[in-house]
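I've put the structures underneath this note.
Look for subunit A in each of the two complexes below; its partner is subunit B in the first and subunit C in the second.
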Partner chain A sequence: MPRLPFLALLGVLMTAALPLRAAEVHTFTLDNGMEVVVLEDHRAPAVVHMVWYRVGAADEPPGRSGIAHYLEHLLFKGTEVRAPGEFSELVAANGGTDNAFTSQDYTAYFQRVAADRLDLMMELEADRMVNLQLDDRDIATELVVVQEERNQRTESDPGALFAEQRSAALYQNHPYGIPVIGWMHEVEQLALEDAVDFYRTYYAPNNAILIVAGDVTPDEVRQLAETHYGPIPANPDLPERIRPQEPPHLAERRLVFEDPRVAQPYVVRTYLAPERDAGDQETAAALTILAQVLGGGQTSELNRRLQFETGQAIYTSAFYGGTSLDDTSFGLLIVPAEGVSLDEAETALDDAVAAFLEEGVDAEQLDRIKMRLRAALIYGEDDLQSLARTYGMALTSGLTVQDVEAWPDILQAVTEEDILAAAAEVFDRRASVTGWLTAPADATPAEEAIQ
Partner chain B sequence: MIRIVLAAAVAVWAALPARAEVDIQEVVSPGGIRAWLVEERSIPFTALEIRFRGGAALDRPGKRGAVNLMTGLLEEGAGDLDAQGFAAARESLAASYDFDAWDDSMSVSARFLTENRDEAVALLRSALVDPRFDEDAVERVRAQVLSIIASDAQDPDTIASRTFDAMAFPDHPYGTAMDGTLESVAALTRDDIVQAHRDVLVSDRVFVGAVGDISAEDLGLLLDDLLGELPQTGAPLPGDAGYALEGGVTVVEFDTPQSVILFGHEGIERDDPDFFAAFVANHIFGGRGFSSRLMTEVREKRGLTYGIGTYLAPMLNAELIMGHAATANARAAESVEVIREEWAKIAETITEDELEAAKTYLTGAYPLRFDGNARIAGIMVGMQMEDLPIDYIATRNDQVRAVTLEDVRRVAERIYRADELHFVVVGRPEGLNPAN
Partner chain C sequence: MPRLPFLALLGVLMTAALPLRAAEVHTFTLDNGMEVVVLEDHRAPAVVHMVWYRVGAADEPPGRSGIAHYLEHLLFKGTEVRAPGEFSELVAANGGTDNAFTSQDYTAYFQRVAADRLDLMMELEADRMVNLQLDDRDIATELVVVQEERNQRTESDPGALFAEQRSAALYQNHPYGIPVIGWMHEVEQLALEDAVDFYRTYYAPNNAILIVAGDVTPDEVRQLAETHYGPIPANPDLPERIRPQEPPHLAERRLVFEDPRVAQPYVVRTYLAPERDAGDQETAAALTILAQVLGGGQTSELNRRLQFETGQAIYTSAFYGGTSLDDTSFGLLIVPAEGVSLDEAETALDDAVAAFLEEGVDAEQLDRIKMRLRAALIYGEDDLQSLARTYGMALTSGLTVQDVEAWPDILQAVTEEDILAAAAEVFDRRASVTGWLTAPADATPAEEAIQ
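Let's turn to the complex of A and B:
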């Protein structure tokens, strides 16, 4: 099948749901509360060094959307001992690459370098955990860069704008309804003081997880971590992580997003869904498998019924991201074939799901899914960065190392009854948003060339 | 006492800078198929990368998109299995096969477990040698391709590259999208797809890399089984693409808040003696990371963009040096001006410090590329297609280190030609006069 543009977006969630397990995982905690995870793999003389903070966009104060992500950019500016930009220059001068990412639940910074440069990476990362020094000019320029990032990632992409509208409609009270990058009108107003307040509150060792993966031993990591991160005092005033929760949802929401740049209309339905909780991952495991049963590949229920049997779709998918601190979502997607309206496509999608619930899970398909999940453990050992990310996401989303390690077996234990029960619980239209993405009826292609 | 000895060995090794130590063997199958192999026994699977030179450039006249559509259909039924049957068989084996068409090649990226390798290879073989191209599958995948073509026509990045390519290569397949057009794809018949398969999947243009849990002997047998029945020769490869674009600015009006800016001109061949110097010069000017000239001038100092970068694109029949940025419409003219100024002065202004920083980064980052079986397999196939020696990985960093300031300045003078620089700007850029 050719690569459809919808795939890339959804792939992130699918990968995150796959179970991965390292050959050797070691964990310990520094005296100041910083958690440490070491994934030992000596196949190449390289390491990934990551620091994950248990803070993300959903922890932002009201009216300051985008501050978590903006602060992530500002961490590449100077500290008391490093000039602006010096961090990345030093990493590059040591042959490494570095970057950072922000989500609703976490902010993470990472470098990939030769294993013998780990000492320097920790020195740099520990320095900017508490010694950030920002100057007005730096931060003004960076705020424009963030606006251009929003322009590039969101404003230029009708699919991204549509997703933002759907999230805003799904969450009635929880800040997951606010985009990670922030609403443009609030991003424009972000000030130095907002960034500094956020930094002082949340950037501390007792709110951080260090993950080192690669050609290292746990003893080396412990010694280096105690040297660099050990002396940083814990923040005794770290706030408890409590976000406004969702009330009972009483009425389904529907939206139509029109944009002249849409060439291929589609329908997405998202339902509010439970996430993986520490010691309680069974429902999330059933939903993870349900997403595979409905939308995981060629032989999935939606694909088979809607592409192969009725021909009403050119693409279908189901997606679920269980690794989340608070309530997550379960989604269904249908891209209609030519001549099929969005209304007909939505009905076809609902009919296909209803027929599946009636007929139950195909036992052979369930076996194939479990086989793929088992194989993913083997293939996953070859991708150390993904493995490190899996641990970082889990530990910043309220899970423990034990939960991560138990997850593959919990997935294997899921039965047909579990899947159908989870589907019955989640497919409640009152807790759903149905979105149509389409071009306005009178849209004409906006393109003309001027030489 | 084994532990102590090991610990000492690790300490010594860790004190050395990372080196790319990839032990490549050349394998020739009993039937004469060559491959490069890295045995990596610690995880029980194998990654196999196969590429056929030619790819979408082998589309016959009036059949643009045939190779791409054919490639999308390889996994849609083969031998006794229809599309659903093929997918179910593949899922049962937990194998993966990705088939992709590119301008100059068609690639097969496969991954299979040791425990069921024979079955996984047999299934892949049926897709390569005996695809069905059933009518219903053709229609299903055709509809997907048509949807992609329609979406691409509304995507600013794609519009920019299509516009550039069409002007640069008016008389060559590079000048048009390999997906084809709505019209050309709608007109393709099953016979066209069968012909594309016959033209592309041939044994005298195949390059193979394998990494994983497999011996040289087993790989040889596997390759004969997998590829031995393909015909030997295919359609003739197209010739030199030429380059027809002059310096200037082309604006494509498109209603979006941000302008996409694509810029470049003719580049440098991969086998040019100065290629390494050009590679280093490009890194200094617009390569990866936050510290390139363009990132510093355009993002860090002026906040004009979230990202800007340049790259060398040596292809089979043409060479380009290209760059990309996206900026607010109101500031597009300023961005173009800054890029042009930097392009004009890079040759004279590269410093010894920049050169040293680039060399340290490039030599340090190189070993980090080899971080997974599939990636190593892909790199090895790329090396073979570029006709690099089998010991290239061990010597590559020395070649980067050997580049002098004189070399980069000489090559920068040669390859950065501001008067030939052509900008394609897609959006509603303000103050950008196509004549400037």
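Let's turn to the complex of A and C:
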């Protein structure tokens, strides 16, 4: 079985696109500007405690790629009152788990613990929001860890390198073209000063969202938040969050990525696509459903046409991540069956999409997809961590709690016309990158295109 | 006759690559850090007076593309003591001409006047280095002028748009991928504050080079420079000039730019290529000669093979601009003859280059090229403005006066082995972008490649 790198990615995107209405949602804002979202759910005596910062890799200064992610690592070093590593040790000693993640648009820290340990979690998290103590040794060793992470996740994975090259080709001006983990040659040069500057600029309560999900009341959260986060002053110099946007895309781009480690060649096309905007999520909803219609599961259009009917593919997919601060992408993927060249596979993919656009959306399939989304909503209620993450992603991507709450109904209201109109808007070759991943030995189809 | 947009470009690049040893060269530095180069030549009673700033489009803050060029326009507005437009009026009233230009690496201002007007030129230029007065009306009207300039030079010229798209695809991280004139959507948003910030940061004597060429002595220049530029304080906060560099290029990129205005389709391939570095100009010299061997004039390899022998092309070219602060590009161009598709033309181009690499450099042709470069040196001595420009470009691109002086001999010392080694280093498809420019009507070859 070949490795199919998009399966994992799709899982994340699907989760993000699910309608979620679990728990009772309360929101308020501390005097220092810190937003608070409480997802009250008393079914189990546990809480998820998250702090999301409205800063990610796309907010990095030029030439300092990777600093957002590197700083995320450094947050686990010591503070004025905690020794390096003590944070996670304390969480574990209290029966909890903790972690953090960085994306283009956000950096988030979370713990899952017994509800009566929320006080301690806030104490720890508030402490490292402003009191981080970094020394040269800490930062040097952690930089090696980050480089090693890039080696493992990216350098050793042709699919990951291929994805980087495609993103760099898709974005002509926006920093989404730069990988979250950073270019290796820039990561190697990151310095203590870069980390401290980034920390002092962006880690402040007026740039943070506190999300607490689970067995708590809003009053408890408010009291604890005011105790721990309330005394931290806002950063009056927090920069406005404006990134360079894309110019008009005027020419389709193509690339062939050859790597001897590739066991299974495939073709991916990504189109620049609009994201969910506050109060304006309809196109994104249509694209979310379009991705399901084309590539979601066994009965999807691509699967039906290319695996069952013609047998040209062993795997197909369509993917779209609409929760993003700026323009995102819509992707199509085909892994050809044995004996089918990448050129033939790409033509087959294009033909299948064209046939779908001509024939329209199957009404029963659309109903099934909406049903599946409703069902996912119900299951989603049980996963507080996923629920909290949905709110965190949305709020750090320019959306509001109201947008999150409206999303399930907007998805359900999507019509066949909406889907076809969104497809017509997005499937513009000039705003696309088509990539072939292949081993040099399998050079025939690649040579055809690059001659 | 079709329009051949690269002819003009080539002219500039060839000029930049010429060895120049005219005039007597003197250099010194003012106490405030302003470098001075005097090119003493008493054959005519005129001078060229230039101030070059070590700042260009590649130094712009993210999202503010076009600010360097816009500011260049604004420098012709008023100062505390001069009314808007008075600068150029005074130059003209004194029988002189003046202008300015902006590139990725520099912004330069110059006047050509009678030698006894040098005093006035310095007074005027020193005044606008620090005393610029901008009001909202000035900047609003000039912004319209700049947008119109972009409309005329870029938006209305498919070849220019094509070049922008190719640069954006070639550079994955470095700001050379952003056009000097700026993306229109960013130019439209440029504000007074952006211009003033850029001006205050970069317009200072310690970021400037004064070049005076013509009928002056170094002592006269020193005295006048100390009088006019000497009192201006250095900017202690001048930022270090470090731009984001390219990651390894791992996948060849291709693009097809279709525009109904294209009368004559053509193919361009550009490879990322090293630039001239201080004390290390040998590879750049070999690439400079390689461009001449492949594409310089009637007897060049591409011309001979593709126009005279096979008749597949009506024009071919190779171009390389080595005077650049960071990595530059090496380009190949073919304009196919009637009935030859872009696909066939590209294959013919590749075959011609491959045949050349196999057969090696024709010794007689290499001698002719070196002779031509020596002759150009002698002619170049007569053009003080071109000579001054050569020094300005070099010094703002990280080179020294010594590098400029050594360049002619380094070019003459280039051997066949050097040329082939440089070609082998640079002709790596993974670090290249191949672009097809075509009209949509001429869709057959384009469709072949983008299916």
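Convention: the second predicted complex is superposed on the first by the 435 of 451 C-alpha atoms of A that agree within 3 Å, B and C clash if a C-alpha of one lies under 4 Å from a C-alpha of the other, contacts with A are read in each partner's own complex, and residues count from 1 in each chain.
Note that in this section a residue touches a chain if its C-beta (ideal position, glycine included) is under 8 Å from a C-beta of that chain, and two chains touch if they have at least 3 such contacts.
Keep in mind that this is a model prediction, so the values were computed, not measured.
Contact with neither subunit B nor subunit C is seen for A:P233 once the two complexes are overlaid on the shared chain. Once the two complexes are laid over each other on the shared chain, residue contacts for A:R372 go to subunit B alone; subunit C is not touched. Touching more residues of subunit A than its counterpart among subunit B and subunit C is B. Common to the subunit B-facing and subunit C-facing surfaces of subunit A are residues 449-451. Residues of subunit A touching subunit B in their complex: 1-5, 43-46, 76, 85, 88-89, 92-97, 112-116, 140-149, 151-153, 155-156, 215, 217, 260-264, 297-299, 304, 307-308, 311, 314-315, 335, 337-338, 364-365, 367-369, 371-372, 374-376, 378-379, 381-385, 445-451.
Looking at the complex, you find that subunit C touches subunit A at residues 62-63, 65, 161-162, 165, 168-169, 172-173, 175, 177-178, 183-186, 242-245, 247, 250-259, 343, 346-347, 350, 429, 434-435, 449-451.
On subunit B, the positions that touch subunit A within their shared complex are 10, 13-19, 21, 40, 42-45, 47, 68, 72, 75-76, 83-84, 86-88, 91-94, 111, 113, 140-141, 143-148, 150-154, 156, 159, 163, 248, 250-258, 260, 288-291, 299-307, 326-328, 357, 360-368, 370-374, 434.
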